[in-house]
Amino acid sequence: MKVFLTAIILAFTGGALFVNLGSIPDSFLLSHTASRFYREAVVTETGALNTVSAILYDFRAFDSLGESTVIFATVSGIVLLLSRKTLPVSSAGLSLIVKRTFGILTPFVFLLSVYIILHGHLSPGGGFQGGVLLAVITIIFCIIYGSSFDLSRYPPQRKTLIETTGALLFLGVGIIGIALTGSFLGNPSAWRGVPGTLPSAGSIVPINLGVGLKVGAGLAIIFYSMIQKTLKRQ
Amino acid sequence: MIEMHLFISYALILLGCFFALSTTIGILRFPDLYTRIHAGAVALTMSALLITVGTAVYVWELFLSLKILLIGVFLLISNPMATHAIARVAYRHRIAIPVSRDLSSRQKFEEDNRHDSS
Amino acid sequence: MIYSLCFVALFMIGLYSILAQRDLIKMVIGLNLVEGAVFFWTITMVREAGGVPIVDLAFPELPMVDPIPQALTLTAIVISASTTALLLTIIVELNRMARTIEIDSLKGLRE
Amino acid sequence: MTLLEAFLLPLLLVIAILVVAFRDLLSSVITLSVFSTVLAIIYIIHQAPDVALAEVVIGSGLMTAVYIAVISKIRTYRQTHKRGEKE
């Protein structure tokens, strides 16, 4: 009976999806509306070259703010669910060769993440991708060196501090936008340098930095609270 | 004459593809965990290195080529390290211990494990 | 056309994993597959040819693909990662409470 | 529809079927990371390098680590309680 029901649901959903997708006309994404505006206005209105970054952090920056709120709510929920008395049971880590090799490699991972965050308006990348690479450093510390090393280097209070700093940086740029341009998260034209150089694109660079810190610290807190073992009640 | 570096890059990439193919055949056909790791370590590092060098010759700009060569250097460091970690964990967890005729290697393995667990 | 077919097939595989598997982690994996299928369709639905959506200052009039689906997909990927992490945390807590993650053994929780 | 894509799309479907068909959770999760990688290559073919970067970092790096942490936690919990220890 259950197999029969599953087959019926699958067949019905697949047929409906396929019929509806086939009826979408080829000119569904009308190129003379929003996307044409974005394409034409990206250099003159924001100073950034990467159109995806310009949409995410300038034209639709309020959307990104809501997305940061979703990450904050997820981190809060996970920490609340796992908030028993926990004991950070640490493994001894892997062998000496692996530890030394990652001692060489980890600064380059950090450098790559900072590069991706700061060049978000010029090249592919931005706050999300660089932030997730920052969170990968926590995973490297927990797996290679054991989680007590991560606890001693970056305790959860410091991660929370970094996350709050990112969120406040985002909001602060928004309020400065109110003061300078009259609208929340507006891009002040005094900050825009020459397009194509590193100090350009106005408020996109600090928003990138804030989103990067927020996403990196949030995902690091999620991973760190997942690998903790529960303290047994005596 | 301007196409010379293109020929060199194609030759390097094709050689890298041959090494990758031999890696795949080795991983599929070898019987044991350790021999499979051997195929994945040596030939795969060689193939990745050849393909990155071939790509660096293909783009033929100074800074872009240097960036791609940096990726090759990191592959050269990290791939043997990963192989070492996998082999060490398999040895610790007694997966597919190689059976040997003489007892000395077997005894040495037991001593290693006793030393580790203590 | 072929992208729509591929999208429907991926969606069906993920939906089957959500509906028919007994393990809760397998159901979360199926949810990830469905999300991947939707991202795949959102990226491949752009029918205009063009380059990457980064303006080249030397040639500013070169055509580029539609950047809006890419921006939407980028937001959705991060949100799907947080959602998956939250679901996995709920599964860990459920395993502590009910001692199992099989869907058939969890029927006693209904009362 | 390039030649590379004609090879990658059936590969994507085969990998998705393998993800569902594996009975072992660990094999399934690792195959899911391979799925993310193939998806990222398809994004690069469709001129979306931002999305490809995000997909390969999140889907194939971070989420695999989170999945493996959860699976090992559940296994450890089961082994602890199979020995008869009560909380």
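Each chain gets a letter, A, B, C and D, in the order it is written, and its residues are counted from 1.
By our rule, a contact is a pair of C-beta atoms (placed from the backbone, for glycine too) under 8 Å apart; a residue touches a chain by one contact, two chains touch by 3 or more.
Only a predicted model underlies this, so the values are computations on that prediction, with no experimental measurement involved.
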item	value
Chain pair with the higher count of C-beta pairs in contact (A-D, A-B)	A-D
Whole-Å gap between the CA centroids of subunit B and subunit C	32
Inter-centroid spacing, subunit D versus subunit A (mean Cα positions, whole Å)	19
Whole-Å gap between the CA centroids of subunit B and subunit D	22
For subunit A, residues that touch 2 or more chains besides their own	50, 52, 124, 126, 128, 132, 219, 222, 226
Per-residue overlap in subunit C, given as positions that touch at least 2 other chains	16, 46, 52-53, 64, 70, 74, 77-78, 81, 85, 88, 92, 96
Residues of subunit D engaged with two or more neighbouring chains	49-50, 54, 58, 62, 66, 70, 73
Those chain pairs that satisfy the touch definition	A-B, A-C, A-D, C-D
Contact footprint of subunit A on subunit D as seen in their complex	49-50, 52-54, 57-58, 61-62, 65-66, 69-70, 73, 76, 87
Contact footprint of subunit D on subunit C as seen in their complex	2, 6, 9-10, 13-14, 16-17, 21, 23, 25-26, 29-30, 32-33, 36, 39-40, 43-44, 46, 50-53, 64-65, 70, 73-74, 77-78, 81, 84-85, 88, 91-92, 95-96, 99, 101
Subunit C contact footprint on subunit A (complex, rising order)	2-3, 6, 9-10, 13-14, 17-18, 21-22, 24, 26-29, 31, 34-35, 38-39, 42-43, 49-52, 55-56, 60, 63-64, 67, 70-71, 74, 77-78, 81-82, 122-124, 126, 128, 132, 195-196, 215, 218-219, 222, 226, 230
Contacting residues of subunit C [partner subunit A, same complex]	1, 4-5, 7-8, 11-12, 15-16, 19-20, 41, 45-48, 52-57, 60, 64, 66-71, 74-75, 77-79, 81-83, 85-86, 88-90, 92-93, 96
Subunit B residues touching subunit A - in the complex, by the definition given at the top	74, 77-78, 81, 84-85, 88
